[in-house]
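Structures incoming, each one as structure tokens.
One chain, chain A, appears in both complexes that follow, with chain B as partner in the first and chain C in the second.
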Partner chain A sequence: MTTYIIRRTLILPFTLFGLTILIFGMISLLPLGVRAALYTPDIPKKPGDLERIIATYGLDDPIHLQYGRWMGKLLRGDLGFSQTGKESVAKVIFDHLPATAELALWAIVPIVFIGINLGVIAALRHNQPIDHVLRIFSIFGTSLPAFMAGLLLLMFFAVYLGWLPTGGRLTPEFQRVVDNPAWFKATGMYTVDSLLNGRLDVFVDALKHILMPVVALSYISWAILMRITRSSMLETLRQDYVNTARSKGLTEAEVIRKHARPNAMLPVTTVAGAQLIGLLGGAPITETVFHWPGIGKRFVDAAANLDVVTVLGFMMFTGTVLVVGNLLIDLLYAWMDPRVRFN
Partner chain B sequence: MEERHAHAARQEDPRSPRRVLLGLLRNPASLLGLVLLLGFVIVGVMAPVLAPCPPEPRYQNVCGVDHYRVPRYGYGTEPKPPSAVERWKWGTTATQYDIYYGVIWGTRTAFKVGLLITTLSLIIGLAVGSVSAYYGGWVDEAIMRVVEIFMAVPFVLAAITFATVLQQVQLHNALPDWLLTLGPDGYTMGDLIPNRMEGVLPAMIALIVFGWTGYARLIRSDILSLKQREFVWAARSLGASDLRIITRHLLPNAIFPVLVLASLEIGTVVLSFAALAFFGLGVPDGYADWGQMISSARDRVPSLVKDWYIVAFPGVAIMLFSLSWNLVGDAVRDLLDPRMAGR
Partner chain C sequence: MRTCKWLVSALVLALSVQVIACKGPADDAGPAEEGAAGSGTEAAPAESASVSKVPADSFVQVTAGEPETLDPAWSYETSGSAIESNIYDTLVYFKREKADEFAANLAEAYTVSDDGLTYTFTVREGVKFHAGGDFTASDMAYTMQRGLLQDRAEGPQWLFMEPLLGVSTIESMAFDLAGLDAAADPAPTMEQVPDDVKVKVCEAVQASVTADNAARTVTFTLKTPTPWFLQLISQPWGGALDQEWMVENGDWDGTCATWTKWHNPEKQNTAIFDKANGTGPYKLGEWKKGEQITLEGNEAYWRTEPIWEGGPSGPADLKHIVVQFVEEWGTRYAKLEAGEADAVVVPRANIDQVEKMIHTEYAGGDESAPSTVKNPDGALKLFLGYPSVSSDAATFIFDVNKDSTFLKSGKLDGEGVPPDFFSDIHVRKGFTACFDWDTYIAEGLKGEGVQSRGPIIAGLQGFKADSPVASFDAKTCEEELALAWDGKLPEMGFKMAIAYNQGNDARKTAAQILADNLAQVNTKYAVEVQELEWPSFLEQRRSGNLPITIAGWLEDYHDASNWVSPFMDPEAGAYARAQNFPADMQKKYKDQIVAAVNEVDPVKRDAMYADLQMWANDDAIAIWLAQATGRFYISKDVSGWYNHSLQPGLWYYTLSKE
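Showing the complex of A and B:
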């Protein structure tokens, strides 16, 4: 177990190093004028400007020198300057992170509870009507592109029924409350902060705003997790030790709770972890459709305006988060699986 | 050819092409998927008949020259509803492009984009994966680490980033001079290769560059299990070169499942391409593409119930397309997975 953890952790720096090479490779494809934004917020305007920037920041130095300089900035948390945000890329990410984190945190709830439980139900009622209904849901779920799902939800619940807001994180009235200096800003996540501030009305408003984005962001993961849980559970239920448990007189509920379910959950963990991490990949679409001011929407806006330095900075940040996240999932998986834990 | 099939002698193998095809035709869900796909093929082939370019010169100058450029009826900013008498049977988008024409020709775009991206990523994946598995050892280790780096960032996110970078790249500066001056007098490569990548090219290249990793892993695991088999030793002892062993002995025996799974990825690839187009990346306004047509709905949410047709027609097309691939894909995955046999 210890050697596994050490070996797995030692790979981390290599993967992160590879990621920096990949991103620097993309940077070095860029024309000098665009690359200048890595070092300075000034956009070259006059004829001599670009030459001055190139000379100052050594943009025509050999590639390894440039990489070293870029790495040094990166380690200090400096990702360059955002032309669309008029501030540093790191600041842009930092400002937009709470909104995305809030969305992802809320999305975990339905993924874990709905997805996994539906899968178990489908497996226990194998080839019965409910199993077929759930399978059809799963196929439709994976076929409906996220932006379509978002638009359909908006059309029905926000525009047609008028029950939920059409986008954003708060209604303007409450946004003013939140932007007030008196507001205690602990996490930047409005559903959490509102409770800490004892403002239930703000909490309800924030919840109304987050409901549809959470569904649009996570329903594909429900479908995928349901399918994985179902097949893993079916596989486990046919194992000899499950029959042994039955034959020693346990009730079917006990067999499932104590013997089948925990073992069936092993492959589910890996997929669930990948899905949670994949939420970051789905964020641009969901946040764009619901005008949710998180890093995903900011990323797409930067891409649409060809603000490459911002886009690359976001990719570096997301990549780092995901590589570390994947490591944590692997370690969790090792801890959960006795075959790895005792080996 | 004969000898290869003889030593592959897997008459009873449930993964043989014949058995898979039979299985697909027997399963009602995958049969429905196949019928839907056939429908899309017919629509794509018949596009010039179903949606001809209007005969007037001002339309002929657009869609008469390039069929994928959708005819435009005016320059308003409000979409026109479907009409039985007007030219726009299914209405127009907010920028006055004919929805019916776009959806019909969009079928061709979907197949074209899906086939091209999948084929090219498959070729890269096959080459990388088979080299990695065949040589094993540190080569395998190194290549797999590179694959992990490419998979570190979610597919759509990486593709958006790279597509944005590619739109900024000045090809003539990025390519070596000798390549640009290549060619007979008067016609150099520099004239043939445009300086800036435009249209669908950046999005397609980005999806290929980040899309090959899954295939590499698949073919690698298949070849790993094959390369210890007797026929490989036999070929080697007869003096066959590495290249010959990989291309004539290993790949033909390992390729079928990968090929099938890859062809089923076309649905996913088209969805990813549509997502990029939805963000306004990759496809210019007025190009016959489903994702691009829906993108105009992004900023029109409050009036979407009134203007339902700008989402409905391209949306249904994209959903059915992806659904049909998923229906077939699900069944194929079950047929190819020996553990699922008999379920």
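Showing the complex of A and C:
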């Protein structure tokens, strides 16, 4: 396993290098006026401004020199200035990451537990009524657009029933509490920080705000995971080693718990991991509908407003999360399945 | 059978939720004019949310446009000025709804010399800035001098520059003194101006606004009489800054040796881009960019006497203000319905949806207007029918940035347009003839507006009710475009994009009308309509990327000069400067604008502005859209609102809740 970890980890820098080449390639295709924004927030307005920026930052230098300079900035965490975020891109990401991370972490819980468990139940009750019901719900989930799910929840629970707030992360009075300098800001995730600060009222308010985005986000994802778990379980249950386990006299529960489910989880791990990574990169539609100030919403705002620098910065960030996340999934996969590491 | 019931129940639930959701709206409107004030169309919680969830000491406003900056000297758009007007105090302030009567504010008293060239203000003692510093006369002088020297491109400082220094921009003054030709190609830069000239420029600025702390006076020395000068300094650009605090935070130190470092900065490079330290009734809480701005009541507010008879005094009644930025109308509507907001920007196209929520309708701009109870269970007050001093126009840019993506291919090859596409008058006239005002006013403004007759609005010098105006004529549109660019357009066609600010439904309608009519004239005329957030829209415009700018103007002061300058002054005009008129047009317009401003004979002045109005139409420099009448909604629990033509957004200080 150690050899596998080392070997797999050594590939990481090369993958990231490939990512930087990809992003820089895109940057190189941009018009000079747009590319200049990567180096300076000063926007060329008068004749001669752009030429000065080109000369100052060497934007007409050979491509490898420009790449070197851009990498230098990247390694210092300088991703350029975000016109839509009105801050450096790195700060925009840093400021919005806690909201996205909080949403992702809350969402992954129902995705994994509901998705996997319902998938197992559906497989064990194959072609029985409960299987049909769960499949219908999963079809709803996979076919219902995220914005539609969000709007339905919003209109029903926030507007007509009035049980939950329409959007944002906190009501204004609790927002003032967390914005107070006395507030201990450990993670930026209000549901966590509120407990660390001993403020149950803030926790409840934060929970009420996050509930609908989590449901909207997780419904689609757990529906996908349920279908994959169901298929994987059905396939595993047909394997010879499962029949062998049964013939050894094990109870059905033991067969499922010890033999079928662990093996069925291998493809499920890949999908669940990919979903978590995807969530950490932001959930643009859900965040927009619920006015959730996460990375996804900022990405949409930037893209809609032709803020190429911010879009590329976010791509760099999400690309890195994806590469590192995939490495972790691979390692987890290897840990779960010895065949992977021995190969 | 049990499973069947489950299934039926689930389907019924899903369908019923969808049916309920279909009642919701799906569009948006917005705020934001260039120039000074303006509140857009705002609305408050709905009947279905009969109990507001906003506490009595708080006010939540949900709007679509975010400020560009909170620096009052830099801001020249309503979203930023709206926030600044609540944080900063000016020397004098408008007496309630009056635009030409002024109440004492930071100045206890003021005098104007007989020749109208010297304004002397005696400033109040005991006023403190939010950060604790004492307000003095020299702080006021520093504020004005800093603004004049900052003079960012296309900013508001031209308003003061011309009365105080007799020039349009600080750079033109420096170039003149240095003997540089501002019209040369390439244009001169400030780096070419000798240091001694830079010092002279600064000294001239300092001489125009002086302070005497011992006598507690601030004196403005004008070059030309400016009847609207008090209107100008009553707006956020005249909001007092604390010099000591500004210097501590890295802004200009007040000396003539250093000012160029803070001249024409990018918005994020000024000390008060997202910070504030005023003397006003509200302190800046926090600006969470892309999300919200919070203001907290200044409990140590200096005002002990009512600002006008019956007006507010002491700390503000509403202690906590939250201004949320939500571009999607659906989300804003949900907040309205859920009772989470006291005021929400409602697109004019969606006013039918909130009509049922109106409790009382006022036929005027405040609660003293004749009123009618419309729905006893409603949750809104509606004010309507009051005159507005804003109008929209679609200005043509004669020479666009060649890298602009709005030009598509950037060439006349059927896949785009060249940067100087609109330099051809036939193109401009063709586009103008393709605009349908009747549809625009009926659909975009719900009938609440009249077609503009040029840059100058009704009631001002130069406005003639019978002056010729353009009208929708598809045949003329086709013929004019056929004449343009050596007759290549009908065969070759073109593609381009035009933008409007997100949330402004009327401007979206205008853009779509134009695009649709052009496509009907010739299917090869493809205009794509793109929405941009308000700050991005402004940035794209300033960068010269927009071939057509659909935006509005809300006057800074009530005079025809404030309507021709934005659209026709090639040096100071907020729009005209970016339009890149050819040199002969620039000279013709500028000479007339200067002559009209300096003309004292009202008859001659009227004729001069009438000429400018006519030229603006003859040269087809813009499609002059419409002037809408006022319409404003607010929660019935909120009292104290009144319309002020020059107040940017809401002044929360006068508001209170029952």
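By definition in this document, the second predicted complex is superposed on the first by the 331 of 343 C-alpha atoms of A that agree within 3 Å, B and C clash if a C-alpha of one lies under 4 Å from a C-alpha of the other, contacts with A are read in each partner's own complex, and residues count from 1 in each chain.
Basically, a contact is a pair of C-beta atoms (placed from the backbone, for glycine too) under 8 Å apart; a residue touches a chain by one contact, two chains touch by 3 or more.
Keep in mind the model is a prediction, meaning the values are calculated, not measured.
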Clash or fit (per the criteria above) of chain B with chain C on chain A: clash
Touching partner for A:A304 - first (chain B), second (chain C), both, neither: both
Touched partner set for A:T166, first chain B, second chain C, both or neither: both
Which of chain B and chain C A:P41 touches, first, second, both or neither: second
Which of chain B and chain C A:V204 touches, first, second, both or neither: neither
Which of chain B and chain C A:F137 touches, first, second, both or neither: second
Partner chain(s) touched by A:P145 [first = chain B, second = chain C, both, neither]: first
Partner chain in contact with A:G85 - chain B first, chain C second, else both or neither: second
First (chain B), second (chain C), both or neither touched by A:V109: neither
Which superposed partner A:L65 touches (first chain B, second chain C, both, neither): neither
Colliding region between chain C and chain B, picked from 74-82, 110-118 or 218-226 after the shared-chain fit: 74-82
On chain A, positions contacted by chain B and by chain C: 31, 34, 140, 151-152, 154-155, 158-160, 166-167, 288-289, 304, 306
Residues of chain A defined as touching chain B within the complex: 11, 14-15, 18-19, 21-22, 26, 29-31, 34, 139-140, 142-148, 151-152, 154-155, 158-160, 166-167, 231, 234-235, 277-278, 280-282, 284-285, 288-289, 299-300, 302-304, 306, 308, 311-312, 314-315, 318-319, 322-323, 326
In the complex with chain A, residue positions of chain C that touch it: 2-3, 6-7, 10, 14, 17-18, 20-21, 24, 48-49, 53-55, 58, 60, 153, 185-187, 189, 266-269, 273-274, 285-286, 288-291, 294, 320, 322, 324, 326, 328, 330-331, 334-335, 337-340, 401, 403, 405, 502, 531-533, 535-536, 539-540, 542-544
Parts of chain B lying in touch with chain A, wherever the complex brings them together: 29, 145-146, 148-150, 152-158, 160-170, 173-174, 267, 271, 274-275, 278-281, 294, 297-298, 301-305, 308, 311, 315, 318-319, 322-323, 326-327, 330, 339-340, 343
Chain C contact footprint on chain A (complex, rising order): 31-34, 41-48, 81, 83-87, 92, 129-130, 132-133, 136-137, 140, 151-152, 154-156, 158-160, 162, 165-168, 171-173, 175-176, 179, 288-291, 293, 297-298, 301, 304-307
